[in-house]
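Remarks on the structure that follows.
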Amino acid sequence: MGAEFVQLSLTPLLIGVLAAIACALPGNFLILRRQALIGDAISHVVLPGIVVAFLVTGVTATWPMLLGAAGAAVVAVILIEAIKRLGRIEPGAAMGVAFTSLFAAGVLLLEQSDTSGVHLDVQHALYGNLESLIWFQAEGWHSLADPVALAALPPELVRMAVTAAAIALLTAFFWRPLKLSTFDEGFAGAVGIPTAAVSLGLVIAAAVAAVAAFDAVGSIIVIAMFICPPAAARLMTNRLEVQVLWSVAFAALSAILGYVLAGYGPLWLGADNAVSAAGMIATVSGLILALACLFAPHRARIGAPKGV
Amino acid sequence: MFALFLDALLLQAGYNAALVALGAALLGMAAGAGGTFLFLRKRALVSDAVAHATLPGVGIAFILMVALGGDGRNLPGLLLGSAVSAGLGLLAVQWIAGRTRLAEDVAIGAVLSVFFGFGIVLLTIIQTMTRGYQAGLESFLLGSTAGMLFQDAVVIAVGGALAAAFVVVFRRPMTLVAFDPEFSASSGIDVRRMDLAMMGLVMAVTVIGLKIVGLILIVAMLIIPPVTARFWTERSERVILIAGLVGGLSGYLGAALSASAPNLPTGPIIVLVGFAFFLVSLLLAPGRGVLAAVIRRRQFQLRVHRRQGLLALAHGEAIFDPLTLAVLRREGLIRQDGVATEKGRAHAAKTLRDERRWALARRLYQDEAVAGRYDGLTPIETVLTRDEIAELDRRLGPPAPAI
Amino acid sequence: MSNPALELASEAGEQLARPVPADSPLAIRGLTVSYGEKPAVFSVDATVPARSMTAIIGPNGAGKSTLLKAALGIVPRLSGRVLAFGVPLAQVMHRIAYVPQRASVDWDFPTRVIDVVLMGLYRELGLLGLVRRHHRERALACLERVGMAEFAGRQIGALSGGQQQRVFLARALAQDADLYLLDEPFAGVDAATERAIIDVLKALKAEKRAVVCVHHDLATVTDYFDHVLLINVRRIAEGPVASTFTAENLQKTYGGRLATAHIDQLKLPAA
């Protein structure tokens, strides 16, 4: 655990953990609102967003791409709502129409535009590049106190940290309206909570988390973290406050375990190449969910089943 | 490019292109019709989980075939592997949604992301595994018909034809089950088995479509056609028919378009052609389309305000609602200062008379067909015959003078 | 049958210019709501008297719940005015407590009984106000009033239907409002819960608050309520139970759906 760890593994690990937490927090509310697949939809439309941003600005700079992706997420949410309301189509199908079409448009634009030589491709969008986010300047733990080395931290880490902190703060600040309107929208409206704004705010927070995380870790982790840790957490407890804490713990555990297994697992098995960290993190989160489904204390429904 | 497109449309762009276009058309048909069953049962996104769950199967099949000394890229082998893991994914969705307190959408999201993530892990293993075999597995993500082998094209065309034939043979029981499971159970159809067959069809479509459209977009072929078809009809068997047609056309036109120029990937083009059909339907379909709905809604609102305004006039009540006032003014029923005109008084009296006819009618005809239509807007003429109304008027006596 | 034209004329006369009494806790004028192209509620007027218990009665699909939700602004209305305590309702939302239908929420939500009751204190607590001891004690007192104090720590999914309804009522009690709007509070609850709820509602009335219930059980109207609004998309009749809850008005409201034999069994007020 020396210089090599700090240089090669510390930052990807931190970015993975922060990304997982930033997605898991809004995920708790999304799954309780039966909107789990909004995360799926958002992460698919990030690709067309960054492609359009690239075509408009001509550069692969961070901010235009983040804005493009966030814009695409908002467009997708509006499109889904429009299809749902205007066409009176059930939410799942409306989502399916919207995000596949936007994703298809993104792929087409990508193929049509001259992006050769630019680090922008579908694979990257799908599973990110966590392993490459190393802290080149670091020489060991003491670099954490070295301003020169700190200034050379990968920008993704700073971005992800800011996003995760902002989402955690927003979740805490709006905890009551979020919980109340998720549980009982009619009552929430009657005590003066702007329920439509709360839903939109939640989706935007999810989009921001997805966009910030996606550049570093790709869209698979994003979907998996929106859903798996909160779902496993739901099975551990019957209190929302505790569920959110469990989900953060599961998210962090998935990220750490997944990263370590991806990097060192193959070596332990005698192979000489690491496997995709993003894929492994998603896999671990799935294993945690599977264990929760089998053994968690509150895994079974009590009382009447839903919709009765 | 247009000439090339025409060539492709007429299946003149070479053997492979022709087979792919035919396969895409047949596959689109089967997908549209099969997707309709999912759509009518409100489980459209289950197909998303099934599609993403194919990836680990592709990876494991490749690894196994190489380990057994064969060619890892053997298409039937890869498709078999993908079918097995898609089936496992489907089982996982059903198990999570059925056995735990988690809802189906959570199960779908979890399965699709985890299976897909594991698939990516396998792909990175394959990339570093054996030199010479690496090429091409990524093409299952987004589909690719460029440089496709002749026998692969045959597999797709035959698979598409089989799926389409399956739909044609089983359309009746499947429609029944999708539309009304309880009734079909009572008429002797094994609903469980039909559900299974439906899921089997969805899996088959997904697997066959992997090479053309890719696993991320295949779900669009299952969802967009039924949603599009829904705009044009209220009858479920027609939804299936139209969805099959939309799916087939999208597949065929998309494949032809993509063959006519470079850099037009088949999968996205097919999806976007389907989306174009959807968009036109959403906006312009009579009945359920947006344009028609906007017009109807506005007319309805004006009718409500007009009627409420006339009733207020008849009862001598003050009107506060600005839209009501605007409607009445525009029709010359009240003056600028809000006082009823001659015409307004006449209309108000007629409205009041209509109300009285209704009130009496509801006393005389106490069945739902009449009483149940008393919503304030339905003209009594649409519910009662002329002689029935004359009878009402006889009982009501001469019209009361307008107030 | 007597001269129907005359009857109708008197009915129309009664509808003439309904002024809004300033002390009415809830006055609705010309409220219209539609889902799609069929009105769910058409031009309904209602005037809830102060210190009363009002029942909103009508067949299924008559727009009873919709009327309540539209009055509160939870569903959009096509036209109409709603006044509470003489001013537009939106200005006095803090004096109103709403109890939605029990089935409108997912009871599998991860929270405890006491937390649901504390939701009633949202206006007081705001975004970040701490839940202090006296808040908790008030919530417990409200639970005590509905006989549920010992269930405070229970997960809400583990409650019976009647218990869930009591928790909703306790949450409304925590709001300490002057007007209580309840959507089908007696639907699908056991006899003990029904007694517990009606006792609380009658106590509210004794405290000079107004209670409005969407109600479906015709047999209990005369026992529970003193004012009644009969609607079937439109307002059919409104007034004191003694003069309004009549066989004739019921027949008008329910049409053929209510057999005469059924009406005969009801405890109608003596004419």
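Brief remarks on what is shown
Here the chain labels run A, B and C in written order, and each chain numbers its own residues starting at 1.
Just so we're on the same page, a contact is a pair of C-beta atoms (placed from the backbone, for glycine too) under 8 Å apart; a residue touches a chain by one contact, two chains touch by 3 or more.
Which protein is which chain? UniProt says A, B = Metal ABC transporter permease; C = Metal ABC transporter ATP-binding protein.
Owing to the predicted nature of the structure, the values given are computational and were not obtained by experimental measurement.
Ranked by how close its C-alpha mean sits to the mean of all protein C-alpha atoms, the top chain is B.
C-beta contact counts were set side by side for B-C and A-B; A-B has more. When each chain is reduced to the average of its Cα atoms, A sits farthest from chain C.
Separating the CA-averaged centres of chain A and chain C is a span of 43 Å. Centre-to-centre, using mean CA coordinates, chain B is 39 Å away from chain C. Chain B has its Cα centroid 28 Å from the Cα centroid of chain A.
Residue positions of chain C touching 2 or more other chains: 108. Taken residue by residue, chain A touches two or more other chains at 234, 301, 306, whereas all remaining positions touch fewer. Annotation for chain B: residues 101 touch two or more other chains. Interface of chain B with chain A (complex): residues 39, 42-45, 47-48, 95-96, 99-103, 105-106, 108-110, 112-121, 123-125, 128, 138, 141-142, 216-217, 219-220, 222-224, 226-227, 230-231, 263-265, 267-269, 271-272, 274-275, 278, 282, 288, 290, 293. Partner chain C is touched in their complex by these residues of chain A: 32, 173-174, 176-177, 179-180, 182-184, 186-187, 189-193, 234, 237-240, 242-243, 301-304, 306.
Those residues of chain C whose C-beta lies close enough to touch chain A in the complex are 69, 72-74, 93-94, 96-98, 100, 104-112, 115-116, 119-120, 122-123, 125-128, 155, 157-159, 161, 171, 175. Residues 101, 296-297, 300-301, 304-305, 307-308, 311-312, 314-318, 320-321, 323-324, 352, 356, 359-360, 362-363, 366-368, 371-372, 374-377, 395-397, 400 of chain B touch chain C in their complex.
The residues of chain A lying in touch with chain B in their complex are 31, 34-37, 39-40, 44, 83, 86-90, 92-97, 100-101, 103-105, 107-108, 111-112, 122-123, 126-127, 220-221, 223-224, 226-228, 231, 234-235, 262, 266, 271-276, 278-283, 285-286, 289, 293, 298-301, 306.
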